Amino acid sequence: MVGGGSDAFIGAIHRLAAFMDNQIELVCGCFSVDPAISRSSGQSYFLPEDRIYDTYQEMIAHEATLPEGDRMDFVTIVTPNRWHFDPAMLALAHGFHVVVDKPMTFSLEEAKLLQQKVTETGLLLALTHTYTGYPAVKEAKERIANGELGKLRRLYVEYNQGWLAKRIELEGGNNAGWRTDPKRSGKAGCVGDIGTHAWHLSEYITGLKVEELSADLNAFVPGRPIDDDGCAFLRYESGVKGVLTSSQIAAGEENSLKIRVYGEKGGFEWNQQEPNTLWAKWTDRPTEMLRVGNSYMGAAAQWNSRTPGGHPEGYIEAFANIYRNFALTLRALKNNETPKPEWLDFPRVEDGVRGLQFIETMVASGYDNDQKWHKWIE
Amino acid sequence: MVGGGSDAFIGAIHRLAAFMDNQIELVCGCFSVDPAISRSSGQSYFLPEDRIYDTYQEMIAHEATLPEGDRMDFVTIVTPNRWHFDPAMLALAHGFHVVVDKPMTFSLEEAKLLQQKVTETGLLLALTHTYTGYPAVKEAKERIANGELGKLRRLYVEYNQGWLAKRIELEGGNNAGWRTDPKRSGKAGCVGDIGTHAWHLSEYITGLKVEELSADLNAFVPGRPIDDDGCAFLRYESGVKGVLTSSQIAAGEENSLKIRVYGEKGGFEWNQQEPNTLWAKWTDRPTEMLRVGNSYMGAAAQWNSRTPGGHPEGYIEAFANIYRNFALTLRALKNNETPKPEWLDFPRVEDGVRGLQFIETMVASGYDNDQKWHKWIE
Amino acid sequence: MVGGGSDAFIGAIHRLAAFMDNQIELVCGCFSVDPAISRSSGQSYFLPEDRIYDTYQEMIAHEATLPEGDRMDFVTIVTPNRWHFDPAMLALAHGFHVVVDKPMTFSLEEAKLLQQKVTETGLLLALTHTYTGYPAVKEAKERIANGELGKLRRLYVEYNQGWLAKRIELEGGNNAGWRTDPKRSGKAGCVGDIGTHAWHLSEYITGLKVEELSADLNAFVPGRPIDDDGCAFLRYESGVKGVLTSSQIAAGEENSLKIRVYGEKGGFEWNQQEPNTLWAKWTDRPTEMLRVGNSYMGAAAQWNSRTPGGHPEGYIEAFANIYRNFALTLRALKNNETPKPEWLDFPRVEDGVRGLQFIETMVASGYDNDQKWHKWIE
Amino acid sequence: MVGGGSDAFIGAIHRLAAFMDNQIELVCGCFSVDPAISRSSGQSYFLPEDRIYDTYQEMIAHEATLPEGDRMDFVTIVTPNRWHFDPAMLALAHGFHVVVDKPMTFSLEEAKLLQQKVTETGLLLALTHTYTGYPAVKEAKERIANGELGKLRRLYVEYNQGWLAKRIELEGGNNAGWRTDPKRSGKAGCVGDIGTHAWHLSEYITGLKVEELSADLNAFVPGRPIDDDGCAFLRYESGVKGVLTSSQIAAGEENSLKIRVYGEKGGFEWNQQEPNTLWAKWTDRPTEMLRVGNSYMGAAAQWNSRTPGGHPEGYIEAFANIYRNFALTLRALKNNETPKPEWLDFPRVEDGVRGLQFIETMVASGYDNDQKWHKWIE
């Protein structure tokens, strides 16, 4: 693991998610740019001293010298966006698979270089777009692919948080610092941090790609040098239209990611804060409440849940689905077996490249008052 | 009453709403362009034969000859949009106050002429933008005016229906016919029918006016000659930004009008389908569920509700609030008394003019691919 | 109308409900034991001076002398329980139909005398058990009668309010006074006021009668001389078992009446505070959200609602359903026509007698520690 | 681990819960009475061959001979109720701590013997009453203890499932077999399986003990030899009254555990199927929605959750809280350190004894028609 010291948020989530299914073991790490924090963090994770490293370069180089079976199988990168690319490239170069947080890189240029490296090496890169790990999301995807809604027409996807309603990045000691700093976060703030999740969810569920968009990005909090809010009209393939809204100044909201997709025959609605329910609405019969863990759910939802209906699964389980599928795929490859199709269901380098394209297109369109529609930047 | 025969939807609602509070009596009407339907409708409403008219012209002319006390006090117009203007002008010309459904007229030009006539005559014109009649909406307005949310920043307003997901206007025998026919509905379909409600609600709650917008209008159902879906980015006074979405092809939705408004300190959320709850979200304390009928609600909500908390009031009561406030104002004027301020809280001709401006601006922007932002058409 | 002066709660509801559908007109009344209040109330309801009476005896006697067509058709009694019986008997004796609030009388003995009088006179008596007027409740009843749930087994019905959590009856100026006074309310407080509604709803929906019960009544607030909380195990016909809970000291609750009924194949759930939804749960397929106003709803729900789906109807509309059905039945009888079956769907004297039997059985069982099950008192 | 082969439900949950926080490692097990299943299960859990045992006796005996550091630290018992006692006694006798599923034993007699053994050995016994592991439940407990609701009066606790609405135990291949068989389940079915959870939750949240109850137990499904439904009136210390309902034939319900507690000043409501929200209702101000992961939550909720607000935690995390607290306590004891008070918050042998007392009292009262109230069996 690179990053994820005991003072970090997302690293802890990665560990919870990775451990849950007993498929993955933490064997080594460089948990901070500060060697002392790295060391104390590693100790608290019960690592032996010689597998706690001061730099990721040292870690990757040294692990590569260990005998197979002893050395790590893959590297998880949970650093701020600015420092995704370098360790990922180095890990791939040394033959290690990679799990990396989103957005995959700092820039589209880096993303393409990384994609090229993944292709060259034939190694796996998994991207933790957590929200597509939820079983109810997979149910929606499966049913839409089966044509249950008929031809799709309209979608709304929204992601609202309120934690940046004040300029808390000035206070220090929180995750707002690097996320609102263009030097560490990239061209976009809100749009890169959560807008990408909303966009990714919409393409995952519908199986359709955005072709054009018209965006409006805002920095509502005075003095903030990067967007804290962004919305867009989206044109997908096949004439489907979407509205995407994302905001980190929606004061009082927690982590409100919702999607609604409508076709000729009905619509689906899913809300991340009550993730075990998928609402199915119909033109000619009552709305149905599809609940994870019931026998009427499809194969993808069944595979990606662990408990019977009414035993709520949450964010960590969704995260764990990415890790479990990745780990099973990786184990199969190590054993020269063919991974089952359901194991291959995790976001990867292509999603990462499109994610950076989304960010760049949003930024290009979001501050431009002349032109209404902007082509997707390839 | 003009229109509202026994085969019509909204006329029945007007009668329920007008009767409920025992302030208004139906004394005469011309309920259909078909005299036979007008007559049978009038009989079923218990009207004497000599107060059921074949044409609205006849009705207005004859009623004006009756002695005060006997003759009608005001005219309610519930015909398709195309036929709002003429009876309204005629009624005003004969000294009758007017209640008219929204959109107020067929075109902005008509709207301005009507406004001029209202000004000249000094008579009242009430516009039935029903949704601002709900007590929880009034609570939000009052609290925002009191600064509870701090400076406003961002709002989302949406109005989704699914009843036009198929081209049911071809089947006849329903209200879809005139609503999807530009000759009877006006320049806009969905945007005029429900988009105007969403826009009006946003200006009513915030007390702010839209200055500029960027719209995207769609006719998703093949062959439909008018929009059945429309969304817009909105720029309000004081730097507030909004996203408005409205659709009549959101298959499986009933009448889903929702608004969320965020300021520096928190946000309000209201959903018309559960109208007695106003959600108040805060940056620093738990979300509150403000419920109509409780003693902690403000004066406007108290005045506009009839029952204690937990006795749900609905759409007809919201409608009735417009009628009751209008009737009390009218009675006061007749008695040369000053209406109480809370009685004056009903939409009127100015709202009607802005409604047509909204429609025209949406249409001008919604099909225009060159220009991103469009100034509000005055 | 007897009772319902401008200082009373339920009288106002009766008027709103009666007027809404334009079937009923208020023609006379004695609105208070205080003639001055009666007079000012009557004036505010736009009654002529000679139809405002000082006593109900005077009203009934005088109205009976007026020519048919002028005189009132029926009497609505909205006084405290203690004063239901006398005016009801007098009205029937003078040939007037009666609408009376529940519980129908002060004692079971009175209830039986009233039933006898109704039988003798052949007049109508309608009892305003409001909650069975809701269309979603009628939908549940119809579907259960059609066997959709299979054989019934278990039901839960609950009615929780918090307004008596403090001894507010000592403060005066509220409705708590007579409701907590055994001399005006009857043998039971909470159980008579709201427990009866819960019980009535359970028998109405299932079509089954309680045969035996085991109750526990409590007065939680120190000093209160009557129950403010009561629950019971219920044994219905056909082996169905129920649990009824009711409380007026459930601090923070508004008017939370809920019922859940389970059969072999599924269950229904209804909540009065969101009354337009009936939840249908199934053993073998997803939970459905049945919504009032949609075309898939049955005949009874359709007849008893006024608006399309998504236009919420509430408490006043439920109340109005009782008045409308009663008025249509009464008008048919006056015209020597046969009332349509759906018009006959309102609670009447038999429900009133069983309501008093329920109260007496609950009181007999609720304070008795020796015997577990108590037979229904006939 | 004893039990929990790859064909079992609750064993899998125990492993997920135990692994998540990286505090616990599975080192050995006897996973089935069938040695072949035990072996294949152990292999799939990545255990070395010599730590997979054919019998629990062999496991306990052999592990006890391994050097400290190598041998297991504690035994988790996830067998049917009938086989909790013997392995637990044996484990304690060999110096191993124990985690056991509820109900703790087959009979009250066994429970008391086990309690005696725990006392004698000074070892830890943790009981997995999962639902008290939820952070929102702990928040309610903390606030009630702080007096936020004032003196408590009334509580409702309910636990409804529908999976036994048919006699699926005859089909085999499911968990219904042993649960509906008095020889393996104990004196009670539904009441032991889920009624105990409801009862335990009520005592945990209120800090009050049941002193007396009046129960009604039912076997609704024809031919079933044990209760599949049970309810009770409960008398707690300090005059608090409760109603407990539990059913496994509530057709269409998943796992609906809810509790409502009312005091003088307000009430709390919690629903296991949406576990991250605690509703706080007040007599004098709006209902609040307390959400796990926010800074306004108390110390216990903070300690027992892992993510910020809006990142839902579920059943496995609640389960994991028990394991984590137990593991931290155990580690402290091994290191001769004092466990932090918050680590000691997990159910233990005393809860297990009271659980069996609850079952015995429910059964004694539930089929007894003579006597209304039954004293708690000690």
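First chain written, first letter: the chains are A, B, C and D, and each begins at residue 1.
Basically, contacts are C-beta pairs under 8 Å (C-beta built on N, C-alpha and C of every residue); 3 or more make two chains touch, one makes a residue touch a chain.
Keep in mind that what you see is a predicted model, and the values were worked out from it rather than measured.
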- Using the contact definition stated above, find the chains touching both chain C and chain D. A, B
- Message: Looking only at C-beta pairs that count as contacts, which pair of chains has more of them, A-B or A-C?
- Response: A-B
- Separation of mean Cα positions, chain C and chain B [Å, integer]: 35
- Query: Distance-wise, how many Å sit between the C-alpha centres of chain A and chain C, to the nearest whole number?
  - Reply: 55
- Express in whole angstrom the distance between the two chain centres, defined as the mean CA positions of chain A and chain B. 43
- Considering chain D alone, which of its residues make contact with at least two other chains? 253, 280, 287, 291, 294
- Contacting residues of chain A [partner chain B, same complex]: 149, 153-154, 156, 158, 162, 165-166, 214, 216, 218, 220, 229, 231, 233, 241, 243, 245, 247, 249-253, 260, 262-267, 280-283, 287, 368-373
- chain D contact footprint on chain B (complex, rising order): 280, 284-291, 294, 296
- Message: Give the list of chain B residues in touch with chain C in this complex.
- Response: 9, 12-13, 15-16, 19-22, 26, 45-46, 161, 163, 253-256, 272-276, 291, 293-294, 306-317
